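Letters A, B, C, D, E and F name the chains as they come in the text, with residue numbers starting at 1 for each one.
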Amino acid sequence: MTDLVTFGETMLRLSPPDGERLETTDDLEFRAAGAESNVAVAAARLGADAAWTSKLPDSPLGRRVVSGLRRHGVETDVVWTDEGRQGTYYLEHGGKPRGSSVIYDREGAAVTTAETDELPVARVREAEAFHTSGITPALSETLEATTADLLAAARKAGTKTSFDVNYRSKLWSPEEARETLESLFPDVDLLLVAERDARDVLAREGDPEDIAAGLADEFDFETVVVTRGEEGALALHDGETYEQPAIETDTLDPIGTGDAFLGAFLSRRLAGEDVPTALEYGSATAALKRTIPGDVAVVTREEVESVLAEEGGEISR
Amino acid sequence: MTDLVTFGETMLRLSPPDGERLETTDDLEFRAAGAESNVAVAAARLGADAAWTSKLPDSPLGRRVVSGLRRHGVETDVVWTDEGRQGTYYLEHGGKPRGSSVIYDREGAAVTTAETDELPVARVREAEAFHTSGITPALSETLEATTADLLAAARKAGTKTSFDVNYRSKLWSPEEARETLESLFPDVDLLLVAERDARDVLAREGDPEDIAAGLADEFDFETVVVTRGEEGALALHDGETYEQPAIETDTLDPIGTGDAFLGAFLSRRLAGEDVPTALEYGSATAALKRTIPGDVAVVTREEVESVLAEEGGEISR
Amino acid sequence: MTDLVTFGETMLRLSPPDGERLETTDDLEFRAAGAESNVAVAAARLGADAAWTSKLPDSPLGRRVVSGLRRHGVETDVVWTDEGRQGTYYLEHGGKPRGSSVIYDREGAAVTTAETDELPVARVREAEAFHTSGITPALSETLEATTADLLAAARKAGTKTSFDVNYRSKLWSPEEARETLESLFPDVDLLLVAERDARDVLAREGDPEDIAAGLADEFDFETVVVTRGEEGALALHDGETYEQPAIETDTLDPIGTGDAFLGAFLSRRLAGEDVPTALEYGSATAALKRTIPGDVAVVTREEVESVLAEEGGEISR
Amino acid sequence: MTDLVTFGETMLRLSPPDGERLETTDDLEFRAAGAESNVAVAAARLGADAAWTSKLPDSPLGRRVVSGLRRHGVETDVVWTDEGRQGTYYLEHGGKPRGSSVIYDREGAAVTTAETDELPVARVREAEAFHTSGITPALSETLEATTADLLAAARKAGTKTSFDVNYRSKLWSPEEARETLESLFPDVDLLLVAERDARDVLAREGDPEDIAAGLADEFDFETVVVTRGEEGALALHDGETYEQPAIETDTLDPIGTGDAFLGAFLSRRLAGEDVPTALEYGSATAALKRTIPGDVAVVTREEVESVLAEEGGEISR
Amino acid sequence: MTDLVTFGETMLRLSPPDGERLETTDDLEFRAAGAESNVAVAAARLGADAAWTSKLPDSPLGRRVVSGLRRHGVETDVVWTDEGRQGTYYLEHGGKPRGSSVIYDREGAAVTTAETDELPVARVREAEAFHTSGITPALSETLEATTADLLAAARKAGTKTSFDVNYRSKLWSPEEARETLESLFPDVDLLLVAERDARDVLAREGDPEDIAAGLADEFDFETVVVTRGEEGALALHDGETYEQPAIETDTLDPIGTGDAFLGAFLSRRLAGEDVPTALEYGSATAALKRTIPGDVAVVTREEVESVLAEEGGEISR
Amino acid sequence: MTDLVTFGETMLRLSPPDGERLETTDDLEFRAAGAESNVAVAAARLGADAAWTSKLPDSPLGRRVVSGLRRHGVETDVVWTDEGRQGTYYLEHGGKPRGSSVIYDREGAAVTTAETDELPVARVREAEAFHTSGITPALSETLEATTADLLAAARKAGTKTSFDVNYRSKLWSPEEARETLESLFPDVDLLLVAERDARDVLAREGDPEDIAAGLADEFDFETVVVTRGEEGALALHDGETYEQPAIETDTLDPIGTGDAFLGAFLSRRLAGEDVPTALEYGSATAALKRTIPGDVAVVTREEVESVLAEEGGEISR
């Protein structure tokens, strides 16, 4: 039995080196990257038996996605197709005041046609947990229905469901997002939401604790995690609130921080550990992720625990 | 007045270094590449006043295309849009028996919506020559109409029209191609066709000379050029046939050979030189192109003339 | 049930770019590489359910080996240890007359202490086929015993056993090799041997057919494959001899050619195909491998079949 | 009509990656770079119709300079020559306390022989603005005369003249510089000077406002801009003083900051905007430049405006 | 006569670019690196006539070590052998909270068998100074004896002896280290010790001044230098204490800081300068080292003096 | 006593990767390269005690030259100066029909002012052999005189003198070269000349044997070596003629072939071996050089001997 199945789009990420610009660079780094597969990678690397399912073009590009996940020990259960593209995104890292910028080139991706029937629903039902994010239903109407189906199927089978709001303004408006997401929430056990998305998309008010409590009340979530960037995270679980400060980092690549957090959190919860412990692992994994280029947390459980034991930051020799 | 205006899609080309595979490479080379802009680059570098027109997404990717052409002295006259993607293609170079392989990712490209009205038709009318290829009408119905319009407008205005058959089996069937192309031919002055395409797409038979004569007869082309790979090229012009042997090369990157040939050919014709001279320049430019990575012929007229004078191949110091 | 389990050492390969020398290069390419895991990769990529087992140091280096195999779909079943090093080898590619040179730095590798008891013997017993090579018993006395145990266990359980002579003069003398190998042969079903090793190590004489026949007679092999470099390969199976010519290649990296051949051969045999078909796939996979940097055959079954259908060598677009 | 013509030397810049040293690096980054062409690039990218004129060796090195400018939309109007070298400079980036260091290798550059007669003086006369810097007259006696001629011709024709003091201690002493520059000032409309150069070279005293006022008084400049590094800039125009704070940046490459500032400033003035607006654009463009490797500001007007709207610094997705 | 002879192991250092991880990187930087040769490089670059002696495998890897030292002007006096490996180490740079991590792969290195008789003892006797560190006796019993022999021989011949405690927890325990080191101290003139090692390994207490005094008292050192990271260094010499603050740096690569300090210190002492001057040069060289990738201080005496004159940190042009 | 002292200009070589062009590349490889120092490197690597003397700018560029030679074991005896540049050259490798092209940027190099008095003439007198080439006197009038002085001083002191004609058409005409070279020949013991230079510059006729004989007669050379590219080389010594065929190579970088030949030849002659043996070593070293990027022969004597024993070309493992 798989501990965790995640479902969503994984893209290929193209980024120029250093501070170079897309307009002038002659070289691009090439990596697999996707919110839900990032979660699976973090969970797998911290000990969970994690799988990722999706639909990919039967091409070297689709195979590269699979290759990029398998290397981290994630099992891939893919619907191969000759229809549809491999989604990509271009990332330019830029310091202040430039900021980093992302150009999505994901329209018409094969995954946007993924229907429930062709996906490994049985596997979702048999898993301990199922995870997807708010990006998935935003990608196509088909995917909106499929996401709903999978969450419902999981819930019905007793598989715990995890959902990261992950609002992307380039995909839909806050209003569209809110309507769709709230229709999915009844089948969600664990909700992760960035404080900003809670306010701007879910129209929540008050302090983070209020936000968590309000969401838990309204949608009957078992757990709500509110992430707050440099101010850490907060979890509401079974009526208890737990706070977790962020860990200071030298950030090399911030993309995937939330996914690393959630993957680590889930891996600990799946291992039967309590919410505060899961928050700690989430926080440390997220901090490590920020020091590593690419979307995924190439870390080990030992490294995470060493951060928690505050041993990091020096040369060990 | 511009000597030459070319019209078509320019993509961004992504290719792994050396013999690496897309499935496993972490690095991609990034270049602008498109049949008609390749022709403009070769023509510009050999002395023509060349422009390229198209429709591009208003993004760093679209700007990169423009940047990649301008550096060679090609003027760009672009319709910028917020709709549609930037087309890309992935190229893997592979030696025998692997071969090189191309994955097009060009669906939904901004250019596929380019309508005659938004393009610089006046400029086409005022140019000495207008060039496009069989790729352009294959990309969308809109482009099929636009291509026909531009060829007709050019012809009517006395601008010489040049057309490269450039059959792409990933875009359409030989039958579809033939029907469309033959509908365009009445407005074409100069036709360039690879011998294989003449046979497989245009359903021509006989030796290359027969092919050229048959095409010229049927469509009243002023000039027909048949390219034959390592066997060189042949031109039929005003009833005369001219043969041009290929020049031996150490091939590093064959993509764009035909475009280099045609750009050089056109630059010489526009400069008032005769067909045999234009063929020679085409052949030498094509040979040089094959020694250079990327789609475009980064050459000078001096280098082309040095090849014709058989001075190449040694270290000059 | 796994189709194929392979056992042996996988090293990390360090090689300077292009023709650079180790003495002066500032950059090294870094890849996972090992004869038996190369076989597993080729088999997995051509459709077999393949696993690799070994003993690795519990370090980023050991994890890199696993990561380098998993990405190709090979399952890894590893004994992790805090004792022993990760073996490496340095490879300098050099053209004529320099030749390529290899510096092994594999002494004291963790795998040299791998004992039968700690390895997944049950898995070997349940597999359809088990493969190792003459490198494994050459690495340590412990490994000599372990190799013998695993071959015997496999044979006893009805798992087909495959063995590649793979003589390495830097590890042992021909005489030492012959004695050890011949002691293992009674438990081997399929023997693969390079013609040169058959002569120099196994002291065989005559033409390749004689060699195969002599070996089959003496050790009762079900199949003997003799590889002959540019002259192709020959198999003796159930008294029949099959010849397979080599396919012409532009060689970029010859390392791993034999392993690619054998992995492909095994994948076809495991799929129930006959020896001539398996030889064809072996030959095409080996040819493709030579165009790809690194030890492993990053190919697909479609590519292999396209080579067999002689479609390779052109740009497909 | 061209909005802006700039005149000066553009070199090729050679720099080792990261913190590497020239003494030991095996790789150099290669870029075109020159104060006046940097100004043209920034102006062109922000919407001006900008050209650069100079004298270059007729070689791949000279062509590279042209290619490096054209890609940014700068028109190049070059005198090609077989006499004289292509100037280069070597740049080592180093953190504290090493500092960055520059080795100029520009002696005997083709541009040092550029005489007024061979340059496109008519074009300067027809432009709206002409710009050069204190580097140009420092390079040779010929260039000192040519600079004076061009400024005078521009002034006489009603072309606005812009001049950046840009003192380079490796080219001349403060005294030499002062004498020459003051002889040119009567033909200058807009003077840009770093506070330090105003003090050390032009022997000005007092606070920046005093400096600007004193210079404007003495030489009757229409506009004086004093740049003050992290303390921003100050402009005196028509008797009004405007202050512009610097924008905080993560500096990756500080070279070209002043040129980016001035190019953006000029582009806005040429577009008819007022001095405070031009200062804002200058400041934001300068800040963006510092996040980008190379001498030139590879930015868009939208990015500059986004910095002014304080939207930068986050990932937009 | 050589000013300084150093003795110890020099490894080859393999490190992924940027923040990449060993588990996933495809590229490694490759450099020669060793505490005692780092000292020799710094000393040589600052003007000393410095040599390094050791035992190396007769292979491209051993030759690379020699090549990597010679380029800095260090004379190498090497015992070449066919036995034993070339030691390597893998270095991952990581920001907070990851820290940098080092994996030594130095077991069985050729140098571990270096006996006094085969080394150039005469040369040590004739040098002005001899240096080694606490790493050397930790590598093998043979080296423990050899280190003792060389220190004794040097002392007896009037060659000044320098010793850096350089405790490596991956090689031995604090107790083992203390016992061995204290047995060597009677033959040491100059001891350099990090404050932390003084406390944790040598079991010293009190403030740095007490530590230095206690050590000098007990072992009769002529000079004791205590390094204190960002708090600078302190030297006790002939009963006088000298303090040297650290110089602020933008650290790119901290490895080798202490070696750079000591090499510079020794070069000044060998040149007859006093301890405070030597401390200043040590401090400035160490600060510069931290801005340079690799283990060695690729600096010149002019640069060091420019740092001391506080001229660094700006672009000089 | 040094076996061999060579004198001449060493430049820094800048070349784009693969087949890239200077006009468009963003990266350059950076290496030290000079005919006479190439000879010293080859000789040193094959066992001679070799030194190189010249005049260099006191800059990181000059130091890089020294660093690039020292790493190969060549002793450098340099006059450092603040006057004059570091010469460079740009090299583009291009396959047929493009050829490789070289752009020298060596005017005003520091070495062109090197006078006899400042050079280590005593060292030349004490060496066993002194070598320079026809490039040196072509660089400046000062160097013409200095070259003559050094050859005369060497000859007078009994130091054997070696001279490679090395005609460079970019430096002087054949007539100028002939006049100068013939004025130097009376002080030359060993002359090496390419057959083509013998014909085009020295105006020799007949077959290579006639050429050698004619030169030896006229100028009383002890040894004349005529190199003939793929047809090998021929030496006339003490009235005997020896022929040496060329060894087949996969050429990666032909620059420096002749220097490698001569350095190896000299190293063997200095070691007391006969002319045929020296020719063999020269030929094998030259062949190896062609497989190695850069100007210098990064080889060992063992490798050279292995080529002579015809063992190269296979993977040794």
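Everything that follows uses one rule, which is that a contact is a pair of C-beta atoms (placed from the backbone, for glycine too) under 8 Å apart; a residue touches a chain by one contact, two chains touch by 3 or more.
These figures come from a predicted structure and were not determined experimentally.
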Note, CA centroid farthest from chain C's centroid sits on chain D
Greatest centre-to-centre gap (Cα means) from chain E is with chain B
Interface of copies chain A and chain D: same or different residues on the two sides (over or under half shared)? different
Cα centroid separation, chain C vs chain D, in Å, comes to 62
Per the C-alpha centroid definition, the whole-Å distance linking chain B and chain D comes out as 39
Cα centre of chain B to Cα centre of chain C, whole Å, reads 46
Within chain A, the set of residues that touch 2 or more other chains is 21, 23-24, 26, 63, 67, 71, 101
Chain D contacts chain F in the complex at 14, 21-31, 59-61, 63-64, 67, 85-86, 88, 90, 92, 101, 103, 105, 107-108
Listed in rising order, chain D residues that touch chain B in their complex are 63, 67-68, 70-73, 300
Residue set of chain B touching chain C in the complex reads 18-21, 23-24, 94-102, 104, 168-170, 254-255
Listed in rising order, chain D residues that touch chain A in their complex are 71, 247-253, 284, 287-288, 291-294, 298, 303, 307, 311-317
